[in-house]
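Structures given as structure tokens follow.
There are two complexes below, and they share chain A, which is joined by chain B in the first and by chain C in the second.
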Partner chain A sequence: MEGKNQISNEQIKALLITTVIGVGILSLPSDVAMILDTGGWVAIVISGLLIIPFIIIINELFKMYPGKSFFQIGEEVINPVVFNLFLGIVLLYIVVSLSYGIRVFAEVIKAYLLETTPTEVIIITMLVAISYIARSQIEVVARMAVMIYPIIIGFIIFLVLVNLPHMDYTNIYPIFNINYKGIPKGIFTTFFSYTGYEILILTFHLSEDRDKSLKYSLRGLFTVMGIYLIIFFITLSQYGIFQLKREIWPSIAIVKEVDLPGYFLENLDGIVMAAWVMVVYGTMGPFLYSSGIVLSNVLKTKIHEVFIPFFLPIIYIIALLPDNLVQVDEIIGPTLNYLALTSIFIIPTIIFISAYIKRRKKA
Partner chain B sequence: MGDSISKNLNQNVETLNSIFKDCDDVNYRFIEIGDNNKTEACLVFLDGLIDKHLISEYAIQLLLTNSKGDDSSIISLKSNLLDTLAKESIAVPGVEEAESMDEIVDAILSGETILFVDKASKALILSSRGWPTRGVAEPETETVIRGPRDGFGETLKINMTLVRRRIRDPGLKIKTTKVGRRSKTEVAVMYMEDIVNDKILKEVNKRLDEVDIDSVLDSAMLEHLIEDNYISAFPQMDSTERPDSVAASIYEGRVAILVDNSPFALIVPSTVGTLLQSPEDYYSRWTISTVVRLLRIIGIFLSALAPALYIAITSFHPGLIPTRLTYFLGASRINVPFPAAVEAFLMEITIELLRESGTRIAGPIGSTIGIVGGLIIGQAAVEAGIVSPLMIIIVAITTISGFALPSYELASGLRVWRFILMGLASVLGLYGIMLGIVVLSTHVARLESFGIPFASPYSGLGLQEGDLKDTLVKAPIQKLQLRPVFTFPKNKRRMRKR
Partner chain C sequence: MRKGILIILCLSIFFLVGCWDKVEVDQRAFVSSMGIDLNDKDKMNRFIVTYEYPNINAIGKNATEDTKTFVVSTPSSSIFQAGRKFTTSVAFPFYYKHAKVVVLGEDLANEGKLVREIIDELNRDTKINKKIQILVSEGKAIDILRANIKQDQTTDGIIYTALKGTNNASRFIPQTLMEMIKDADYSGVTLVPKIAKRGKEVVISGGCVMKDYQHIAWIGEKESRSLSLINGKTKSDTIDVPYKDSIVSYAITDVSSTKDVRIDEEIIVDIPIKIEGYLQGYIEGDDRTVYDDEVLKDMEKVIEKFMKKEIERTLKLIQDEYNADLIGIGEDLSKFHHRKWNKIKDRWDEIFPEVKFNVSVDAKIRRTGLIK
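Let's turn to the complex of A and B:
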């Protein structure tokens, strides 16, 4: 109401949480357990803490140029050609990330809900649904995030409650058995579970109360970290370290273990899958939205909606390149990691440093 | 059309005659006034639209007797004839001078009486509106067990009075405009000057000004003309028959739009939260109101999802429900010759047909439809083995849930989406339903009502400030000391705790 394109800090926090938590949460526990055994939580905590400086960098960058968007700042501080090159990398990252996410999503849906439906159908229908939110304005994406946020929280509470009676707490010991040599590798794995925080780049300058945005986004980051820790400990205590390593998607599989006699629903995985569709929607919507925004800024237009349909076939093709899930993790996974490293950690840092130097020179 | 009024009475009557050619309901009454009946005058009015008693007793009669004064009054009659008449001889509350023919035509059509006097360059408009009205009756749709029982009628003036009686504050402003080139329907915008947000008010006035249509017959038509998204299945304005609802909304800083000839007032801005409020919530104790509000939210989901879930579970995921229930489901469907999707569509279409016919036909035939629906569709279909008994229960739950929602328009929107979700469920099962839900919620998140996000407070606006206290639940009135924030009221506090 009070001016267009304004979003509240509460919405920024919800947007951060829903964008970060996506397909990664399914395999995260087994991925870290593979490297660090029962000490996997250390990697989750450390990489979460490592994100903080990047959020602060983004915050400071917007503080230097109040009211300006990331793209305006970028054009101002570095060579426009270089900046457009950067945006190209970012675009590639977003597209690959969406392809990876949607392929994993389709495989999970196939495994738990629709055994006979072709992967292609699931991918296409989901892409069409996502393109609807991606064609909206940022405040709509933020509103949607606020509506999805309680579902994520409810999903976690539900997981804790149904698992509580069956958990074997001795499984989580030894907590401090940390393999220090494995920590860097563990961090490299968990670091990418926090991708998606870069949505802040598109929202900070639109905040209603700019001074508190940093506080709220850090709060969101800690919420994500807390959720990851809860999932890690639940799956660990339910399975024990040896079985946990063997599970592909332990976060969903544990629900299958639960059997609540006398309850209305026998297999809870259906409900969990249903909630999970929303969670993935909350991740991919903002991603596809930002792809449109980035391309519209490269091409210097204000409308991002028209570019969304252009991405859909590309995402579809890349998503179907690997033959199976193993290939997905072998081919797309590492590519994605390097792209993410460049586009959401290195590029903002470069822009921040150039902005800082430019500021210094002026002063 | 003659723009100005001629000094010659006969020419004026002639002009009117040509404008109202073949309009037999326009009446002309010629009288002679002044000393020795020297001056001719004419009253023009629309038969049926005026209060005849008022005009004959307090205008015609007095004109005939009072104006026949002595010589001095004749002189004054000549110098300022109309003024004298208005002051001395007409006992009607509202008297105005008219200068142009257009004004006069409008006035006649609205039910006023025009007095032409020979040799006067102006005419008098005597306010004489009075036509048979329904009177203040109990609202048909929003009945409450406890609370006031008066409802709006078709007359704008009476409706405005009903609201005014509840707001004895000079801050309550009522601005009337005319909408419709031909119908010239009167539209009243009501708001509390020191509470309402100026941007919302400005937007309302702007949109009302932009309407260019020949007729507006009901507030629903106006609603469709000024709402933000006319393609959506959902209403973006509250509509109510109850003056107490309107008064409460005005106190919240919202704007009410009353339309002549319509017993439904429009209230803007509105959100998902306000569409689920019923006046009863405020008259019952907060505990039961809270329970009822939560029930309504369950009602939304059941009304939209119940048949879709039935299709998804029976045809795609029988493993989701307990094994014994699966056996029961299988056994009850064993004779049913159709797939679950066909069965569900068949029954939902039948119940919609029943509903439609029941709405159109009231009274004795209406009850026949009830019997036909209950017996033939329900019992006979099950006994014949065309549908499973569970399907009947699903259909019943769906329909009941729809009626439990206070906003009929919202329930109708969900009815449309129910069929979309059923279609998705028949193709993609539970995954299809979830796709439908995410698209539906995105659609709701995209909607705005006069610039206010329609999904508030669930989408963020007012979430932290405590708007949930009066939408998701109903907190005790002592806890609702501030007005809801979604209207951005100028005056935030409505109650002070002692």
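Let's turn to the complex of A and C:
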């Protein structure tokens, strides 16, 4: 299993991009605009740059223990009980994150495409679909990511092309009007648009060419940042700052602004939604996969497939707990932020520091 | 085992029937235009909402019916509430995805708060295309839509076709829902084309100045043309200018204009407008020809002077009489002079009439047609 289960750096990059870009991209422009107005791009850039140290930490960690998985390293460097506790938090984070994502996904689909379909049906369909990919090996998940990656790029290029003729680029001014007090809050918001990069934890040690993995994953991170910036500037120039703040999902809504000569290009939201479903699939698949992997490591088994169905009802129930979209954003959103902060920023750092100290002691 | 799988696969047919609640296209009523009038602002049914929708059965070669479009109207509390009310009288459900035109009645336009409610409703709806055209009617909107069907040739209705026409003269400036919201966000003022009933026909000309979504004044075709020139929205137009003892018709083919806002002691705006065009009509005679550079230069000067006067008159009108920043000076300030704008934006209504304008028109006659 170990021998065949290797992935290339190109796959790592694709996996990083598809996992990071998910439901968040729809509301990101309006979220940052709420806090930082036209200076919102600063928050996107800064939080992207802040992710780099964490990627380097993960890379260094695997460099210290070549060939070992994150779980083996964790058990070696810290108390197994504490480590399992950490994994419990990580599991909670993954499950809540999936629930949040799938609920927002269902709401968007309901608003734009399937008005009369019950939310439950949309959620169950998506859960069944992602559990298929999540039961596969990492190599298969990575291959799926490589297939979805061009769809994301195509989606962005399509958005740019159809919006260019009617864009009023002066709307992005004042571009350097930065409210310095708002920046921490803005970063806190955009930071979580980059969650999903932790998929690297599960893939780095399986890389075919370990030395170049870091380079490829940083390249992936910059691609994500670029995509976020493009989306921010397009929505801003299409809407102007006031209407951008008003929109809930500006990235999808801008295609309704498209009005090209000739009738066939009108009401494009259907096409964009179709592409977006793939994008969400590319996020949720790896997430559900990692939940299975984490649980299998907690229970010390070698197979993760059997645990996937176990998560589905939990995700389903949490996804349906909030009454409406506002509650989703007000209750699950902040909870998720704190869980993410702990499980993908703090825990890897703790493990890295303990591993580093342990190394020093040995030497 | 295999049989079991086969049976399950066969059973799945029941779940794969696909279009569960599909509605055939001739069973749908596609609303193409909507008209909203004020009914009684104190009652629940504040509006009189009118829908116009094409008769699908009357379209195409093998049309089975004659009536091209239907117009229905009802008192209602909102635009979409009306759609529910019509279910008692109209057989098919309404679809709003292809709605192209919204006409606001004059009485309604005078009520800023109600207009804002309507705009919010349109902006919030997921089906409405945000590029929908907005107009304000002189008189009742319902009369406009009723008159519209008489001269209807296309499924979209005359209004939309006229608004979208690429070679429309700048007698009016089309306004979409999103542009209207943007204008109101940035400067609080917006210009919406005016539609009126003349005899049996509907005519779109001039515009309605709305401040905070409330109608404050009508402007005519000439003012509309000037504003269109300042904002660089003119695509083509023909201007008649008195020259010596006759009239020169000058057809505009291209306009480029910019606004340079400077802040010194006061706000000064330079508006250089460059126009290109050709000669459309002039009297030919023995003693006169236009195939002479000096004559053309002279004509250009007269045209420039004439247009400059017209534009300056319009600017004076919007500054002094309406106090409506229809040319986006406030928007320009907020984008490029952000700090100063923050200081003055609360007093913008007082400052705007004091803004100094330097208009310069540069007209070029590029062609004289086929004869000298």
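Please note the rule applied: the second predicted complex is superposed on the first by the 357 of 363 C-alpha atoms of A that agree within 3 Å, B and C clash if a C-alpha of one lies under 4 Å from a C-alpha of the other, contacts with A are read in each partner's own complex, and residues count from 1 in each chain.
The working rule: a contact is a pair of C-beta atoms (placed from the backbone, for glycine too) under 8 Å apart; a residue touches a chain by one contact, two chains touch by 3 or more.
Because the structure is a prediction, the values reported are computed rather than measured.
A.B. asks: Looking at the overlay, what does A:240 touch: chain B (first), chain C (second), both, or neither?
C.D. replies: Second partner only, chain C.
A.B. asks: Is A:179 contacted by the first partner chain B, the second partner chain C, both or neither?
C.D. replies: After superposition on chain A, A:179 lies in contact with neither partner.
A.B. asks: Regarding the shared-chain residue A:84, is it in contact with chain B (first), chain C (second), both, or neither?
C.D. replies: Neither partner.
A.B. asks: For A:170, select first, second, both or neither according to whether it touches chain B, chain C, the two together, or no partner.
C.D. replies: After superposition on chain A, A:170 lies in contact with chain C alone.
A.B. asks: Could you look at A:342 and tell me whether it touches chain B, chain C, both or neither (first, second, both, neither)?
C.D. replies: neither
A.B. asks: Looking at the overlay, what does A:69 touch: chain B (first), chain C (second), both, or neither?
C.D. replies: Touch status of A:69: no partner.
A.B. asks: Per the contact definition in the header, classify A:147: touching chain B only (first), chain C only (second), both, or neither.
C.D. replies: The answer is first: A:147 touches chain B but not chain C.
A.B. asks: So which one touches more of the residues on chain A, chain B or chain C?
C.D. replies: B
A.B. asks: Is A:111 contacted by the first partner chain B, the second partner chain C, both or neither?
C.D. replies: The answer is second: A:111 touches chain C but not chain B.
A.B. asks: Under the contact rule defined above, give the chain A residues that sit at the interface with chain B and also at the interface with chain C.
C.D. replies: In chain A, positions 266-267 sit in both the chain B and chain C interfaces.
A.B. asks: Okay, in this complex, where on chain A does chain C touch?
C.D. replies: 111-112, 116, 170-171, 173-174, 177, 239-240, 242-243, 246, 253, 256-257, 259, 266-267
A.B. asks: Could you please specify the touching residues of chain C with respect to chain A in the complex?
C.D. replies: Touch residues, chain C against chain A: 21, 97, 123, 126, 129-131, 178, 181-182, 185-186, 334-336, 338.
A.B. asks: Under the definition above, what is the set of chain B residues touching chain A in their complex?
C.D. replies: Against chain A, the touching part of chain B is residues 197, 199-200, 316-317, 319-323, 428-435, 437-439, 441-443, 445-446, 451-453, 455, 458-461, 463-464, 488.
A.B. asks: Given the complex with chain B, which residues does chain A contribute to the contact?
C.D. replies: Chain A residues touching chain B: 1-2, 7-8, 10-11, 14, 109, 113-114, 117, 121-122, 125-126, 129, 132-133, 136, 139-140, 142-144, 146-147, 263-267, 270-271, 273-274, 277-278, 281, 285.
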